[in-house]
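Consider the two complexes below, in which subunit A is the common component and subunit B and subunit C are the respective partners.
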Partner chain A sequence: MTEISVGLMLADHWISIIGIIIGGICIAVGVHFVPVGGAPAAMAQATGIGTGTVQLAAGSGLTGLLAAGYMYMVLSADGAYVGTSQIALICATGAVGAMIMISVTMLVGNWVYIYGVGVPPASAKRDYDPITGDSQAPYVAAGTVGQGLPTVCFVSGTIGGLLGGLGGSLVYCMLMWVNGDPAISSIFAIGVFLVNAVLPSYNIQGTIEGFHDPKFKRVPKAILACFIASLLCGIIAVTIPGIAALGGV
Partner chain B sequence: MSAGGPGGEAVSAETANQVDIKGIGVGLVGIYIAGISGIPYLAFLAGIGAIFATKMGADAVRRVCSYGIGTGVPSIGMLALGMGIISAMFGLALGKMYNAVFIGPIVGLVLALVIGFVVGTLANKIIKLNIPVMERCLMEIAGAGVLALTGLSVMIAGSMDFVVISEKVITTGYIAPVFILGALGILHPFNASLGPDETQDRTLVHAYSCGAIAMVIGGLCSIAVIDSIAGMISIVVGLVIWYVTFMGFVKLVKRDAGAGYVGTGLLPPGAM
Partner chain C sequence: MDPAMGMGLVALMGAAATVAGCSEDLESDIGSQSNPNSQVQLAAQVGYPHRIFNKAISGEPPSNAMYCAVGAGVAMVLMSESVMSASPLIAIAIGAFVAALLNGVFATTSYMGRSASQTRFNQYVYMDVLRNQILSLMGHAYITTFCIVLLSYVMWNQHLINHPFPFPVIALIWGLCVGAIGSSTGDVHYGAEREFQDFKFGAGLNAADSGNITRYAEAGIRSSLDNAWFCSKFGGPATGIAFGMVVFLDNWRSTAFAEVLNGWGAVLVGLAIVILLVIYNRQIETYARKKYGPYPEYAGDIEA
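== the complex of A and B ==
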């Protein structure tokens, strides 16, 4: 490439911008599915995992990104072309990686709540678990808003991991198309991921139980906000060429 | 304020404008001297710039989080570096594309201010957080993120050239400690000091010491990529700044604890 300019990069890579927007929206919706309990959950006084949204989103997103990055490396070995079907495989790998991470976190967290703290997992937002139909209210300790991770939260969290990993891997693939540099692509994917994880976490005000939580109805606001934020990030990210185009090695 | 109670405007001795002018001014001057001079022994100046930028970010976090954002303070620090890394790399890459590397940090800073303003507006208008200082604080936080990242990267690589930074900082993976230490310097001071007796000077002196730790680690990384003497200069300067500011922090902690502070010493032998 002899001549590179911002306008040319934008014209060449408009499809990547769309991919980054879709990825960003997947991440934003995924955050709403993950049962985040925050500090109260860490003291077993609220349902969910006892840490903040960003830590969970970043944890699962980065695991997904690692899985996706490895798959990308395998599929593009010997300079093989990475097309749409390969990207589907890469995104699936990233989604599974993120799902494994978030599931393990929830499973081990539940062991700690059940055997360590000694509380039964129960949700205070519903009287009956929407999936198993188990009664919840009698098991919610007095003065708390639930504790542990009941089945519905676990299922919801796994869906959240799927969407988060999918979105993160999609952003990574789109950036690899643009610059072909795994290091720059992954650090940019982390940047886009964090912006799209923090904005929804303001939307849910730090805690949510999953798709059965009334706060889940706020998801359209987060989609709109993240659409605009991802558009902005995408436009900037696709105008950065890889160092190969800039005369590096 | 992870529980997210309603707060109010933070009391400040040093105004936001003063902190911003120092942060942006010292930050850019440090980065430019280190990046343009080409002398590796001056690379530590970019680290000092990053320390002042970190302090600017920590002050903005302090002002916005005293309203209670409901998600915990760390989220806003990660947001800062998320916005910061995109803008910083774009600025440096743009400078390289148009063969004018010196515009890099300024383009990155301006872009970060724009992204910060847009994200702040989204948070206030669409997500309806309704925090009056949100737009301005997110602009400052994103700007601080860019300057901290650019400063530490320039310190490690000893250059403002995007190709050099890409090869020496990003591909080697040193961007990971730079990223997380930059974020920690911005989010940790207020996260550690928050509460009804929080004071601005104590939080900000803590920000200096966090920035100095980032500078020491950055110096360690630069031993491997530029020059061992330049790296040692950064480490020693960082350690001195850390020692002075951390002792200052301890002194302010004792001051704010007032008469309630009693030295307990170690645990008695029977209790260990």
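== the complex of A and C ==
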């Protein structure tokens, strides 16, 4: 395989690379929507889900990827062509799969906060919940920065799941266009997902409550970083599995 | 596939997932993994040496993803015709056993390393703590891995659901998912309630009290097995219900509504489920606000 044919391969699959970049940016923005409180939230000392950013985003996004992978197989059965309208359905399936995972997790998390720990959900970043208008500050325990998942965080989390699942599924579809092998595509999609979930977590620095959190304004920086990272990932993900599909170097 | 068969498989997967979620959470409670471990680690440093197991190998999602991928990889090799064509049940059981052994290795080195590094804070390596709890950790890891590899096998098998992803990748993704759920739900019961039972229920944990974990049990000195006993009453089953719900709801909507509106039916049903969950969450939030009321220490101007 010469350098020229690698260049031709990139030229042939430029749409896939653009798709991977868009998917990567969706994942990066989605991570900012997910309300994560990190270790303090596990002790009910901070608002959000008591785990790490990457872990929750990956857990939900990859659950969506499973649903999307199955839908891709169903739609491409008997060699049927997978076009834009089918990809829209696959991405929607992945997005909804991720939304279900993250919604169930947040709901059961709130069960534990309310019934197991005995604290009402409250955000410390806003005095009033932007969606319900409920007062927040009087319900924040002394010496903490909130606890549990009030409605605004819950809604923000579902949007985060939607974007994460959408991005992961889009990356998978683009890779399937290049090599047609679900095994290679799924593994590379997981890789691209993790890259784009880890980079924004530097922006978040451990905790974020959702779109109403002041840290959310840092999203443009993450978009730029993930654009560059996804471009590199896209080039690698298109050429390496593509070469393998052509019979090796 | 016959719809009744499809629904039966979805129910089986949901049941396996419920057991896996519960045992995963209890395993992390016994070993004190994930975020609540920060308090166990901090306790000795702020003057409270303890006899709680301490194994923060990594975050729960990566560690469970590794156990499940290893279990599925071993099972896949044993089942392949070129090796020994083992029956799936035996292959999955052996795969889960290998994963449990890995768990034991990581737990041992992690406990010894972490406790030994805190000698200057009078935190000792207790050999009886290690001996008593390591098998219980491995047992729970075995149950988790077995159930997840089993449900991944149902998804992967070409005569059943026939998912296109490789067997170990499906197991890896479900392992990651169960770890993320366990770390977000059940661990809060351990970290926010059980570790700080000396404090008044519902009082919240002031950041100044970090590290002051409860070290005495209902009788004698508290061990990690006491923690599992307590968390098995609520945190563990809640995690099981969460993971079971994820696996069941996600597969149910894609199996039962795949043919409706050219596939868009499954998407719409999924969205309806999410909206119902948002509404239910709002209800329990309102319940908690009314039931518990504002904190009496609050001295600001905002009305409750």
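Going forward, the second predicted complex is superposed on the first by the 236 of 249 C-alpha atoms of A that agree within 3 Å, B and C clash if a C-alpha of one lies under 4 Å from a C-alpha of the other, contacts with A are read in each partner's own complex, and residues count from 1 in each chain.
Methods note: a contact is a pair of C-beta atoms (placed from the backbone, for glycine too) under 8 Å apart; a residue touches a chain by one contact, two chains touch by 3 or more.
Given the structure is predicted, the values throughout are model-derived calculations rather than measurements.
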Counting residues of subunit A touched by each partner, does subunit B or subunit C come out ahead?
C
Which partner chains sit in contact with A:Thr239 here, subunit B, subunit C, both or neither? Use first/second/both/neither.
first
Please work out whether A:Phe193 is in contact with subunit B alone, subunit C alone, both, or neither, and reply first, second, both or neither.
first
According to the stated criteria, A:Ala80 is in contact with first (subunit B), second (subunit C), both, or neither; which is it?
neither
One more residue to check, A:Ala39. First (subunit B), second (subunit C), both or neither?
both
Could you tell me if A:Ala229 is touching subunit B, subunit C, both of them or neither one (first, second, both, neither)?
first
Just checking: does A:Val104 make contact with subunit B only, subunit C only, both, or neither of them? Give me first, second, both or neither.
second
Based on the superposed arrangement, let me know which partner A:Leu8 touches: subunit B (first), subunit C (second), both, or neither?
neither
Is A:Gly52 contacted by the first partner subunit B, the second partner subunit C, both or neither?
both
Pick one for A:Lys221: touches subunit B only (first), subunit C only (second), both, or neither.
first
Could you pull out which residues of subunit A sit against subunit B in one structure and against subunit C in the other?
38-40, 52, 55, 58, 183, 187, 190
For subunit A, which residues are in contact with subunit B within the complex?
4-6, 38-40, 52-55, 58, 181, 183-184, 187-188, 190-195, 197-199, 201-203, 205-206, 221-222, 224-225, 228-229, 232-233, 236-237, 239-241, 243, 246-249
Listed in rising order, subunit A residues that touch subunit C in their complex are 38-45, 49-52, 55-56, 58-60, 62-63, 65-67, 69-75, 89, 92-93, 96-97, 99-101, 103-121, 127-128, 132, 134-144, 147-151, 154-155, 158, 182-183, 186-187, 190
The subunit B residues in contact with subunit A across the complex are 2-4, 69-72, 74-76, 78-79, 81-87, 89-90, 93-94, 96-97, 111, 115, 118-119, 122-123, 126-129, 162-163, 166-167, 170-171, 173, 175, 179
In the complex formed with subunit A, which residues of subunit C make contact?
34-36, 38-39, 59-62, 155, 161-166, 169-170, 172-174, 176-177, 179-181, 183-189, 191-193, 195-196, 201-210, 234-235, 238-239, 241-242, 245-246, 249-250, 253-254, 258, 262-264, 266-267, 270-271, 273-274, 277-278, 280-282, 284-285, 287-289, 291-292, 294-295, 297-298, 300, 302-304
